[in-house]
Amino acid sequence: MTIAFLGLGSMGAAMAANLLKAGFPLTVYNRTAEKTEPLRQQGATVAASPAEAVRSADIVFTMVTDDKALEELTTGPDGILTTLPQGAIHASCSTVAPDTNRRLAEAHRAHGSFLVASPVFGKPDVAAAGKLWVGSSGPAEARQRLKPAQDAIGQGTHDFGDDPGAASVAKLCGNFLLGTVIEGLAEALTLAEKCGLDRVGFYEMLTSTLFNNPIYKSYGKLIAEQHYQPVGAPPAIIRKDMNLVVQEAYKQDMPMPFANIVRDRLTATVALGEPDVDWASFAKRVSEDAGM
Amino acid sequence: MTIAFLGLGSMGAAMAANLLKAGFPLTVYNRTAEKTEPLRQQGATVAASPAEAVRSADIVFTMVTDDKALEELTTGPDGILTTLPQGAIHASCSTVAPDTNRRLAEAHRAHGSFLVASPVFGKPDVAAAGKLWVGSSGPAEARQRLKPAQDAIGQGTHDFGDDPGAASVAKLCGNFLLGTVIEGLAEALTLAEKCGLDRVGFYEMLTSTLFNNPIYKSYGKLIAEQHYQPVGAPPAIIRKDMNLVVQEAYKQDMPMPFANIVRDRLTATVALGEPDVDWASFAKRVSEDAGM
Amino acid sequence: MTIAFLGLGSMGAAMAANLLKAGFPLTVYNRTAEKTEPLRQQGATVAASPAEAVRSADIVFTMVTDDKALEELTTGPDGILTTLPQGAIHASCSTVAPDTNRRLAEAHRAHGSFLVASPVFGKPDVAAAGKLWVGSSGPAEARQRLKPAQDAIGQGTHDFGDDPGAASVAKLCGNFLLGTVIEGLAEALTLAEKCGLDRVGFYEMLTSTLFNNPIYKSYGKLIAEQHYQPVGAPPAIIRKDMNLVVQEAYKQDMPMPFANIVRDRLTATVALGEPDVDWASFAKRVSEDAGM
Amino acid sequence: MTIAFLGLGSMGAAMAANLLKAGFPLTVYNRTAEKTEPLRQQGATVAASPAEAVRSADIVFTMVTDDKALEELTTGPDGILTTLPQGAIHASCSTVAPDTNRRLAEAHRAHGSFLVASPVFGKPDVAAAGKLWVGSSGPAEARQRLKPAQDAIGQGTHDFGDDPGAASVAKLCGNFLLGTVIEGLAEALTLAEKCGLDRVGFYEMLTSTLFNNPIYKSYGKLIAEQHYQPVGAPPAIIRKDMNLVVQEAYKQDMPMPFANIVRDRLTATVALGEPDVDWASFAKRVSEDAGM
């Protein structure tokens, strides 16, 4: 089972390393070549283009920034579909619109290959530990074949059926929920602080009782301590995801008031242009609006 | 250590029963007398008025509907302070404005007794299991003396210091966070459903991975199955709490956009007047706005 | 027809001056005495207390900051009701909760006098020009008798019937609508500017076509030019009004999403504590959130 | 000056009729042919395709549903640019994204013709009366030549300069402001009604005093009387506009809380699927949320 991995940001690099560790022969490609070096040292072959990377792959993972990058990588002039072998599987891990994966799945079908949406839940440190949660949707037989590779990067894979858009929907909803956790905690901790409670102490109480949960603990720590490093994902990246949520809701004729607020918090954060902060830093807007 | 318990709604009755089980001599009072009967059978003495109930109490617990009921019960013509022994402790468990507990604490001080804010986190079934989380704030020595009784009703007590309003702040912030969980899940599950995912299946995936947490599981089940029974707390009661949150935020010069939305969801739910549903039923508004 | 005027802020002073100009014998009172001097020079008698001011009044106008100030002025130890003659009319002009005017109307009834809610629409310059719009509600006969005095301060009086709370409802709804104009214009002008249009030019186009209206012109000018002086009313005063709107909506079981946003914009503006700006300055929050 | 008019909905038909009345030789085209008949009877030539309609036109007006329809009409296989004479002007009247007009302006430039964004403000009855307000932006010389035709359909044309996207920005901002008027009035009138005021009477007071303005009068009448006919524009059409506003704000890094709410009100209205109502009918959501 030969695997190609395209897109070696902090998430992709960690996932690729785990595929290597699990013993899969791996070819990697990244637009900026220096990011391939650590993986080369761990045993990966480095390719000079997407087309070259996937030429003899059984499976190709992609983990890129947005819908446009994924489309180019897949159907562009030097993209995956120019060389991908018949019967191969494209594990599409990026957070993109459900329709993007659906459209690319059509292109794969025409080509004689398969797309399985394979988004992952977790920050870079979780990815490095091989503890991601993986969603999976697409043609049943391809999903089955992809499973061992997904097992190498995560602690569990959830099956969302045949629709290649389904796992993307789940991913968007998951990211949306993370955004509600951040805004909720930011409002709660700020009100508590304004009322005289110790911000960090209250965070510790909440996350050792009702909200004893890794998500609340990890995001809550950033918000309680108001220190938004290291960067799991920058505001601009997740804002794009929240815009996908809002636009999918529009398409589905559905109001989402919390999603609007989270999206706009991220928009303000992008507009203010603070560099090198995690997206949870939109919690600062809550404090600022309170004059703190 | 003789205890009086005033206010035997579904929460209060369960808490009182656990005090009995722990061996505390207990006198109970409730406005509608028939609710005292099960506790009488379990060994409690039944009093005919608040004043009578607390006449020889070391500790008096109160668990009533709102600020006004608590004030009347405490400082009213037949209230606690007409007969409470010097040095006794009032464990004020209701969800009320921080300033209400602060004001009543002053009245206790003048009387020679103590008020310890002692709000609890958890639904009636959690209360029955003695697994509540308890917040505690007020005079240090009184907090210390109250601890064994708090231990009898909860699985842990968190100390918020000397300000008798502090634990109320924590309770309001906690209820606010529960409201954000409900709205967040309602939006996420509804979008997922509209996009073709199985509502219950997606709930199960979320709460066995990222949101593997009792709060998400218990509220999420109601929302996923869209069946809002049994009633943990009715919409009108929690709406009052959310209004306390919004008004405290106003007092503290702090915008809280999520709190506004949750409060207004509950307002619409009260306006629509559906009887016998848990407050999580405000999640229905999300579906209705989506034409479902 | 002898008139007393209590509360000589920028609105009250202008209204009192117009009563003098119309020939009414006038006694004035203000908590800080120096504000009475200009009116004394115009012919008013100056009183040292509310009780003294109204001792021989047929009509007493009040224009004070908030509900609490009005209650004290009316039913307090040195208040209006200690000396007001039987049959006299209290024209209650302050923006207060409907229930406040209703409650004070009861006190007047018991005293043998009348309260007519008489809120006014317009900024200080409009008040000075005698061009206010006046709302009027309360006992029919008293409303009738009050009319000539209302005519002296406004360009028209609208009758809201017998309920002394009704005109207050109208006033709160009016102020709420002004808030929506400000937020709406702020968002529209800021988006236009971000897209490359001239902010002031677009304002001029809008207010000479679709929104050719004094409200849009006067608030729009402040927002277009981003210069929030002179101060018609400061943010803290109008925030109080918007909180009355939100609380009245709560009481009436009615969600008001625009009101929440306007109130919270004003809350952020109060929290940021900029002195000496008109309340329309909450429009700045729109620009700030956009990184401008 | 020969004119072609493509797109004869209720707005387009009224505008075309006024061009005829002003003496311009006119060729018309509409996808569903029967709508051309009344104009044929008034003297228009009827074309069987866009390409045929514009073959000898000096000016071509387009008034179609959305961006996609406009793009197809302009650059599609049987579109305007297949036959439009060199030097001719495309007056693009539809409400579209600024970038759509910018992109089509590029296509015109390449073709040797001109695009002038020429959006109009006003309902069908205003269009029929020739009283629209017209925005105009694009190449200066083309704007100049287009002016007489714009004068025939409106009461005034406002110049937004050379950027063919600029007038579209103005149009989007204008529609957004109309949406804020509707939501604002709906909240104000509903609160007033809940508090016991007469809904229509209060509307009449507001629109004869502070909000004495045709927009407030015409939309306010629909909202006060809760009768949303005749249909100026249906909810689905204006929802598309509000989504363009929200997406343009996203692109410009700008939060717009009021725009989110208006858009989502329209989304709920579309989801509920009531036929044959004006878009102002989203005001019903305010009443429904209040249990009325």
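By letter and in written order, the chains are A, B, C and D; residue numbering begins at 1 in each of them.
The criterion applied here is as follows: a contact is a pair of C-beta atoms (placed from the backbone, for glycine too) under 8 Å apart; a residue touches a chain by one contact, two chains touch by 3 or more.
Please read all numbers here as calculations on a predicted model, not as lab measurements.
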Practice prompt. Quickly list, by label, the chains bordering both chain A and chain C.
Written response: B, D
Worksheet, complete the sentence: Greatest Cα-centre separation from chain B belongs to chain D
Worksheet item: Hey, how far is the Cα centre of chain A from the one of chain B, in Å?
Response: 38
Discussion item. Roughly how far is chain B from chain D, centre to centre by C-alpha average, rounded to an integer in Å?
Written reply: 53
Discussion item. From the mean C-alpha coordinate of chain A to that of chain D, what's the distance rounded to whole Å?
Written reply: 40
Worksheet item: Residues of chain C that touch two or more other chains: which are they?
Response: 249, 253-257, 261, 264, 267-268, 270-271, 289-291
Fill in: In the complex with chain D, residue positions of chain A that touch it
243, 246-247, 249-250, 253-257, 260-261, 263-265, 267-268, 270-271
Discussion item. Show me the residue ranges of chain B that touch chain A in the complex, using the header's touch definition.
Written reply: 98, 121, 133, 135, 156, 158, 160, 163, 165-166, 169-170, 172-174, 176-178, 180-181, 183-185, 187-192, 194-197, 202, 205-206, 209-216, 245, 248-249, 252-259, 261, 286, 289-291
Worksheet item: What does chain A use to touch chain C in their complex?
Response: 264, 267-268, 270-273, 285, 289-292
